[in-house]
Each structure stands twice: as C-alpha cells, then as structure tokens.
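In order of appearance the chains are A, B, C and D, and numbering begins at 1 in each one.
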Amino acid sequence: MHDMSHATEHHAHTPPQGFIRNYVFSLDHKVIGKQYYGLGLVAVITGMVLSWIMRIHLVWPNFAIPGLGLLSKAGAPGGIVTPEYYLQLMTMHGTLMVFFVLTNVPFAGFGNYFLPIQIGAEDMAFPRFNMMSFWTTFVAFLVLIAAFFVGDGPPLAGWTSYAPLSAVGGAAGPGEATGQTLWAISIAIFCIGQLLGSLNFISTTLDLRTKGMTLWRMPLSTWSWFITSCIGLTAFAVLLPACILLILDRTAGTSFFIPSGLVINDKLQPHSGGSTLLWQHLFWFFGHPEVYIAIVPAMGIVSHILINSMRRPMLSHRVIIYSLLAIGFLSYMVYGHHMFVSGMNPFSSLAFSFPTLLITIPSTVLVLIWIGSLYGSKLRITTASLFALGFISMFVSGGVSGFFLAQPSLDIYLHATYFVVGHFHMVMGVAAIFGMFAGTYFWFPKMFGRMMNETLGRVHFWLTFVGTYCIFMPFHYLGLAANVRRYSAFVDDYLQPLLGVHKFITIAALFTGAVQLIFLYNLIHSRFRGALAPANPWEATSLEWTMPSPPPFDNFGGRHPVVYHDPYQYGIEGATNDYVMQDSPEEIKSVRDER
Amino acid sequence: MAKFLAVTIVIIAIASAVPILRHTWAPPQDISTHGPLIDEQMSDTMAEAGISFLAAQIILAIFIWMFAGARPEGKIKTFPGGAKAMVIASLLLVGTEVLALGIFGQRAWASVYFTPPGPNAMPVQVQAGQFAFYFRYPGADGKFGPLHPEQINEGNQNFFGLDTANDPDSKDDIVTAELAIPVNREIHLLMHSKDVGHSFYVPELRVQQDFVPGLDVSLHFTATKVGKYEIVCTQLCGLGHYNMKAYLEVMSPDDFNSWLKQQAALQ
Amino acid sequence: MATTVPEPPVHDLPSDNNRFPGNGKIGHGGGRILRPAEGHLRAVDDYSPSPSGTGIWVGLTAITMSFAAFTSAMIVRKGGASDWRHFTIPSILYLNTVVLLVSSVTLEVARRRIAAFMNGNTPRPAVASKWLYATLFLGLCFLGGQYAGWLQLKSQGLFLATSPSSSFFYVFTAVHGLHIVGGLAGLIYVIRKLHRLVLRRSTLDAASRYWHFMDAVWVYLLFMLWAKF
Amino acid sequence: MKTEYKYRVLALFSALVLFSIAILISGRTVDAASGGSITGKVKLNGTAPHQRGIDMSKEPTCAAIHKDKPVTMENVVAGADGGLADVVVYISQGLSGNEGASSEPVSITQKGCQYIPHVVALDVGQHMKVINADQTSHNIHPQPKNNPEWNKSQPPGAPPFDVTWANEEIAVPVKCNIHPWMHGYVAVVKGPFGVSDESGSFKLQGVAPGSYTLTAWQETYGTQTQKVTVAAGKPATADFTFTAK
C-alpha cells in the first residue's frame, strides 16, 4: 500500500541503467510482460514433457524413459513410471499448465505488455507492485518445481488437491508429504502475485487512460484483460485463504478440512470435525472463474486479431464486451457444477446447473458474432489469423461438450471420465493456447522488432490444428465409454477395448508436441535473425501500432497520445488506406461499429 | 490457404461426428430402472450439441472459404440483421435448447436424488478405503452393528471396525469384498469413506456418487439385468486409485440368497 | 532499432504541483489536491490522476473477499460438525478494539489537518505528524494487545490445533494482524513523506482508508468470533 | 638337524598362513563352528482361532491363482501336530554385540497377493530383496516405529529392489494398500535368529557358547522368553508353547 504513490514518481523518461534494473528487477511493464511470457514458456515446455511421459506410460507401461530414473529414483526406478509417480506428474502437469501457463501468458504476459500501451499509458499504475507481482509468481514457480526434488516427490492430489487426501499428510501415501505442502505454499504465493497483478490492471485501466480513451474505445483485448483482472482479483482472494487453511491443516494439526474418525493404514487420525466439502467449495469458487481467467484474455486477443484480419469491426463491439462481462459475472455462480456428484445437496446441484446452462448464451453470442462478422469481410490469412480462426473452431468443439456436463443428470455418467478431460483441454487448454499462439504471431514484431517466419508459422498451425484435434476429440469418445480419468493404468475389464484409442492419442500427442519445436525454433530464430519489423506491419489501428517496433522505454516518448476514434476503424470507404488509426485526428465518415 | 483451412475444418467436423453416429464408443447397455431417462437425455443432448457443433464448424468453414483473400473492389458487407440478429438467434436457439434440456433433464436427476428409497429397499453398506471397497449386509437381524473406527484392522480382516465380541447387532453382519444384489430389487446403498475421498461408479448402472469423508451419503437404485459388472473409483484417492475396484454381481433372488449364506459361513 | 528521441514531457500539470508544500507556495489552492477522475466512463481528459485512490478500493475489495472467505469457512465449519466448542474471547481483545478505534480517530484528525493545510486553510501541518505518531503508537499497542490475547488463550490451554474455534481465532487474529502490520508500514511511509514534505494527498487518503477499513474488519471479525449463532 | 628345523619352521609358517586365510575367508563361520546352535519347537496349546477367508475378487489375477484352495488369514498358522509356524525366535539378551550381519540376502515375495513368507526375519543391516511375482502392481508399505517409514509401488515385471533396516524392531507390519488384505511382518533382529516352519521347528545357528535369554515372538500371541545355555560344539534346545486364547 505504501508503494502506491510511486506511480508517477518513477516515470523517469530515460531507461534505467544496468542489466539488473533493465532486465531482471525491471519496473517496465514491457519487460515484465516478457518475463511472464518467458516463465510461461518454461512452464509450458515442462508441462508438455510431463504429459508425454504420462501418455507413454499409459500405453507402454514397461517402456523405460531415458533419464527419468535419474530425476526420481523412487518414482521411476530405471525410468519405469510407478502409479504414484504418474499421479504426481499429472498433478504437476495440471498445476503448471493452469497456473503458470494459462494464467500467466494470455493474461499476465500479453496483458502487462499491451494493456498500458493500448490505453495510451506510460506504464502500469503501480510499477513496483508489477515487478513484485512477477517475482512472487517466479518464487511460486520455484517452490513448485522444488517439489520434484524433495523426499517422496511432487504432490499427488491433482491440481484440485481435494481434502482430505491433500490435508492428512504423508500417511495418505507417497506424494502427500513435503511435496504437497510445497504445492499449497506455491499456490498461496502465486495468489499474492496474481492479486498484485490484478490490482495493477484494474487501477491502470480505470485511471491511466489517455485523453479520449473512453472505456468503450478500449480495444477488445484490453477489455478482456480488464475483465479478467476483475475475475482474478476476487477469485485469487478466495483461493489464498483456502491455501492458508490447507497449509495449517498439513503443518499445524488443525482440522479445517479433515473430518473426525478417519482411519488411514489402520491408524485413527488425530483430527476432528473438519469439512471436506468446504475445501471443494472454496477451491471451485476460485476454480471455475479460473477457467475464464484462462479463456477470456484469449477471446479478447482473438477478437482483436480477427478484426484486423477481417478488415472490419465486429458486428458489435459492445455486445462482445457485454458478453464478456456476462461471462465474468456468471462465472461465480456456476462453480458448483464441478460438484454435482460430490455429496452436495442435490437441490444445490440444480441451482448451479441453471446458470451453467445460462452461461452458454453469452458464449454463443460471442461465437455467432465472430462467425457472423466473417461474412462479407476481406479476410487476410496470416499465421495469427489462422490461429484465431482455429481458436473459434476449438472453442466451439470444446464448448458443445459443456452442454453435457452442465446437466447434473448426465454428469452422473460423465463426471470424472475422459469426457471431462477432453472438454476442458479443448475449451480452456487448447483454445487458450491457440489464443497465445495468435497473440505471439501477431505481436511478436511489436515486442521484438522483428517479423516471425510466416511459412514456418503456417506449417506450425496446420500440424498443431490437426494434431490437437487428434488428441482431444478421442478423449470425448473415451468418456462416452466411461473411461475414468486419473488412472495410471487401465486394468478394468471394460477398459480393455479402449486401449487402442489411447495408443492413437499418445502417438498424436507425441507428434503434436514435437511440432511445437517448429514454433520454438521460429521464436528464437526470428528473435535474432527475423526481418526487421515496421511500426505497423498488419495495418492495424490500435495504439500499440503507433509507436516504433519495439516500443521505446516510456512507450509514447513522454507524449500523451490523444484518441479520436473507436478502436477498430477498418473498412473505411474512401480512405486512402482502408483503416484509420485511433490517434489519427482524421475526420471519418462512418463509424462502422453498430454498437 | 483459406480454402484448405475451410476443407480441413469440415473434414475434422465430419470425422469427429462419425464415431458418435456409428456408436463406436457408446455407453454400455443400461441395467438400471432410472437409466433410460439418463440415456434419453444423453441422446437428446447429443443431437442438439451435435447439430450445433456441425452447424457452427461448417458455417465457419463456408465463411472462411467465401471471404478470404483481398477483394479490392468489394465492399465490406454486414451479415443481415447484424449483431442484433446474432443475439436474438443465440437467445432463441440456445435459450430454448438450454431450457428444454434443463427442465427435462431434471427428471432423471430427480429420479435418483429427489425420491426417497422405497420401504422395501434392501440396505447395503459400502465402505471405501485406500484402495478397495467393502460391503456389509445386516444379516438375519436386519440391523447393522455400530462402527468403531479405532478397531479397524485390515490384517485381521476387520475392515469396518466391528466389535463382534460386544455388539450383538454386529455378530451376524456379513462383510464381503464384492457387491451382490438381487435383480429387480431396490437397493439402498449407505456409503461412507474410511479415509479420503472416493467415488462409487458403475457405468452400466448409470450411478456415480462421491464418498464424502466424515459424512454418510446414501444412494438407491434397482438393477434389472443379471450379470457381473465393475464398480470403479472415480475420485483421486492416492497411488492405487486406478486399481480401486470391486465387482457388482446382479443375481436372481435364489442365487443371491445362497450367495449370502455362503458368505455368512466365511465370516 | 532506431529509438526516437523522446520529446520533452508535456504534462498539463507539472507533477511537482501535486506535492506539498513543494517550493513553498503555500496556500496555492486547488492544484495541489488530486483531481478525481472524471467519471469512470469518460476519458481522463487532462492528465492521469495518481491511481492510489482507485488502487486502494480495488485492494480493499480483494481483502474483503479474503475475509469473507475466511469467515464463511468458519460458518460452514461451525455448522457442519459437532465438535465446535465456543470459548470466551480474552477480555483484553475488547480493550484492543477500543485502542484500534481510537487510532482511527487520531488518524482522521491528522488527515483533516493535513488536508486543511493542503487546501491552504492552515499555515503549518506540524501538529499533524504528532497525531500520526499517536496512530502509529496505538497501532503498535493493538498488535501488542493481540499478542497478549494469544498469551491469555495459551494459558487456558487453547492452542491453534486445540479446537476449531481456537483455530479460527488464531487464524483471524494473525491474518488481521498481518494486515495491520501492512497498515503500520503505510503510516511510516506517510510520516516519512510528510517530513520530507513530499506527501501526496492521495497517498494519505489511501493509507487512512486502509486503516479505517482494517478497523471495520476487526470489529466484524470480533463479532464473528464472539457470536454464538 | 638343520633340515628338521627348516621343515618345522616351514610347517609352522604354512599352518599360520592357512589359518589366517581360513580366518579371512570364513569370518564368523569360525565363530559358528566353535559356537553351537539352538533348536526347538514352537507349539500351540489349544485350537487356533478361526482364520477368516480372504476374498480376492478385486484382483482377478490373484483370485485365479487361489481358485482351488481358498486363502485365509495367517495370523495364527498351526500345523497338524500343534506346531506353530511363523514364530520368530531370537536372542534378546546375552549377545556380545560383535555379531555381524549375514551377507546372504533374505527375500519377501508378493505372489498371489500374499507375502511369501508371511513373516520375514533378518539382521540389522542385512539385505532384503522385495520381489513382485504378480501380474499386478503392489505397494509395499512397512509401518515401523524405530525405522523410517516408506511406501513404494512395484509394478508387475519391475525388477526386485533392495532394502536394509538400520534399527532392531520386532516386528514391522507390512501391508499393501492396493490389496488391503495383504499383511506380513518383517522382524529386524540382532544376532542369530530362526523362524518356525509349519511343524513349529526352528533353528538358530552360529550361537557362541554362553547363556542367553531367548525370545519367541508371534504376531497374535506376543512374546515368550526363556533362558538357554549353549555349550561349545553342542546344540542347545528350547521349546516354546503358546496358549490359544
């Protein structure tokens, strides 16, 4: 709090000197944005490698994975994954992906870099908080990764860490000792980082908009980051207390989540009276909004890019914003749909089912507007727009399975099957990652001053698009055949006919994962050898394209841009270009936004 | 490039739908009295979701096909009706669809959760623990003896913590490792967990319910078809989660009675 | 990459004008006070105000959510189990409450004096810092008192893990205490800035809002711990 | 004369060399040779309590192994002539403390979802091989009081792994959480030990002459002790009788 008034004080207009101030403990939102992106990249690579190991283990359980035995002698003796190690890898995969990739990159990464620029600000409202936010997140990441190297290995209870399994400690089996404590500590720290970040995003959006930048004139990407930060502020503020209570249950002998009379290994546990459903309520109160923390920024980014590629504004700027707001608002009222068969009051299930079905309305509005806006447009195909279109396709595919899971009666059958895994991987995982890819291909020239290789980008898109469908579509089929998730081996008789599908998925996963090397190569190669990027390579309208690539230290060179137009003045008839930039004082005939 | 993308999307959409239409991987045949409602709901949802899925993907593909590429002479056109049409369309389409599914779907839910078990339902207790299910039948006296968690000793096969020496009600309780039930008789399953969270899932029965440590949960169902099915755990419970299972045997009443006698002798 | 030489900053209001008493232009009126943002739905037309005003409300929202989560956890936990044992709150806590409330009063006195000075209504803000020190002292007293409350509870044999009610007691007081420590750090920051005569109005307002809010949170927590419902 | 002396020195030297080699090679066997052994029988007085049958239907591969002969608990395993099996007999008092651990590893095998043997005894520091002969994963979960607790999975086909115990403990219960009926003991003792077989017979080898307190431990009936004196080169005997409750 005492740092708040630093906002303007630290706005020296010359960049700080020295490597540490410039690139490590930098106060510059652009550097922090890149740091988040880099952290996300490390996390996503780790998470993906973990998923490979899991997929390989599921279909070739006796295959010795080279080097894995060195990482964990107990968990993978000789490189052969044990059942507990599978679950530990699964937990780490989920935690890394949800927290450190899906939250970090589209929201904290791109948001940090472009939110201040898109509203015409020099920096975030609280640059020090911003720096602290990243470094807290980084510490959280280190704490989580440390779990790989402690006693009986990483946590095992899944990214949802349901109590009492996550709360009773080492008695519950391997992966429930130090590793699980580190998980809870890491997530608590992560919450603090995200709260600082959200605080910053909201204050920045509300207070630092430049002259003429009304809320309605903010680009959709900015809107999505703003809405996400509102969701994040309230969601992480609930997960933090939950994690504190969990840590106390694990280390101080309290009984918040541990009921009486538990007998583990024939030993009566010394806890009494805790409520296991309490953890689920607190967790999902965060957990469901978290899904939207992952997907809403991707929606904003994709809209922003699509408009640019279509050379026309969306059918309605405002309806998109209203839909995003509705999704953000409803996200708090639907969390109970994760708990239909949890033993919660069956009436609550119905109460949660209704808003869950309701939330499909704003989602459908978004999809229809995206598709409807394509009609009559002049779609330019770039790698970025390919990924944006791929996002729509993925979002639709992942979204329709939501119809099933929103209904308690079908959840009786589909809950905890691969259907759920397929659903959330498509709608929150792959769709959000497509958003990230689109954002990367679109903004890379701005961030690094060099163009990415389009040919490699397109190859990357095609293989990824087809590959991810090959991985995640069959998950739904497995779910329909009642294949239970979180199994380290399929020993049940009724699962035997499904092993072939699993083999197919594993091969597709290995292939699609390998394809990402193209992206990595493109990223690194273009960073150093790519063609120099002009200020506005995509002929876009929003403020980030009014400055050189990459932007100077204080974004607008100390000047406050003045905004004259809505963000997406494309397809202007009679103009020399077909677009008018936001800060161009040029009078224009028509505002194509229908509102 | 754009046309190629459009074709790819259509191929993926159709390829995705084929296994669904052909029922390649379908739910196993239902053996419960409440299951048909769930199945009906499932196929209704599948139809509606499937149509939405195909329609959205194909329209997306068509628009990509039609409008990609610079058309310098062409003007930007707006979809007839604009955003208003989109909003109304989604409200109408999804709204009614959602309401229909929501309202009709509740029948299936209600049949499981809002109706109490009948007076003749046969009570069976199930205990979940790392990593096995154990079942208890009340025996001849029809009463379950009290549980003493501190007396649980798996080495002595005292999975429930029964004190057969001192509790008369426990003496004739029958503890088994598989769940045998008579066909066409309602079963009232009294569920509790010994240690952490577990779940009771029988795909054929269209039944899934979490065990909540510290709470007694109950469930009732009627099986209509003799056979042997698997009960699996669907709530992550630790290293042996994947192998936490038991068999459900649905028997004719006569077979069930002799099975129960046989089990009683083994106690 | 060719970086354009930044133009000299053109602020409509030089940032120094925001500080007080700055270059001795005491009583220069309105320009010293931060202007409120002109309605959140309109653009900020002249310059960006210091966002601490917004930031503090956003921060308080998050804190509210956290305490709401804590207390609803308590309600759920209370209702769900039979092992809830109500205990009498250590009497010193009521004294602490009074101390905290008084500290709010002293802070408000300080804030008004400084505000009056910034508005040019009073010549010197010197007395204000005494009130700030008083607040700081009372805040420290409160923390000491809370610790004494813990000792009292400990002597009754009630520890963190003894019963759910004592667990929640320790958690609530500890978390609230940490927030008070944050508030104290804020006060120290304000005092330092005041001495260096570079305090901004928005900083002061933010710090005092936070402090009053922590008061209210404490009264709420005390009620939740005290109530037997 | 001179030659005779030479031969005597040579003979003495060779004897010394041979003797040292013998000591070097055989280590404690010398001790054992000079020491004796204790043999005896453990009996059960009365009828063994009813051993409940074990239902392995959860694990079909194991259930198939025992299809013909149903498995029961092994808390009290009494032979036909009243011999009591799986009793660990060890020396609880009177050891010099110089006894080294045997270099021969013992093993515990998981077969048919049972521990074979049901009770394993071994020396502090002696190696124990854990073998999974089943077509399913087991987790081996000893719950010691004096030694560190561990819990480790062993998938089917995984190579055996090796364990040693640092402290004396009689006896460490071992269980498999995946198959909750699986239940065994590892008795970690110091010095010579024996485990009774189906007929109740046991044998402690390599006991140096002296008088000792001998303890017999049975998982259900607890311990019994008796004094025994071992004379050089002569096997001592000691019998134990447990009374069924």
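In the analysis below, a contact is a pair of C-beta atoms (placed from the backbone, for glycine too) under 8 Å apart; a residue touches a chain by one contact, two chains touch by 3 or more.
Only a predicted model underlies this, so the values are computations on that prediction, with no experimental measurement involved.
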Pair with more cross-chain C-beta pairs in contact, given A-C and A-D: A-C
Chain centroid nearest the full-protein CA centroid: A
Centre-of-Cα separation between subunit C and subunit A, whole angstrom: 33
Gap in Å, rounded to a whole number, between the CA centres of subunit D and subunit C: 69
Inter-centroid spacing, subunit D versus subunit A (mean Cα positions, whole Å): 57
Computed distance of Cα centres, subunit C from subunit B, in Å: 50
Sites on subunit C at which at least two other chains make contact: 81
Interface hub residues of subunit A, defined as touching at least two other chains: 82-84, 173-174, 259-260, 273-275, 277, 489, 491
Multi-partner residues of subunit D (at least 2 other chains): 136-137, 139, 151, 153, 175, 177
Touching pairs - complete list by chain label: A-B, A-C, A-D, B-D
Residue ranges of subunit A in contact with subunit C within the complex: 1-2, 4-5, 7-9, 13, 121, 125-126, 195, 198-200, 202-204, 206-215, 217, 233-234, 236-238, 240-242, 244-245, 248, 252-256, 259-260, 272-275, 277-278, 281-282, 285, 449, 532, 548-550, 552-554, 557-560, 563
Subunit B residues touching subunit D - in the complex, by the definition given at the top: 129-133, 154-157, 159, 176-178, 238-240, 243-247, 266-267
Residues on subunit A engaged by subunit D in the complex (per definition of touch): 61-62, 74, 77-78, 80, 82-84, 152, 170, 173-174, 265, 489, 491
Complex interface listing, subunit D residues touching subunit A: 136-137, 139, 141, 143, 149, 151-155, 157-159, 161, 175, 177
Subunit D residues within the subunit B interface of the complex: 52-59, 73, 75, 136-137, 139, 151, 153, 173, 175, 177-181, 183
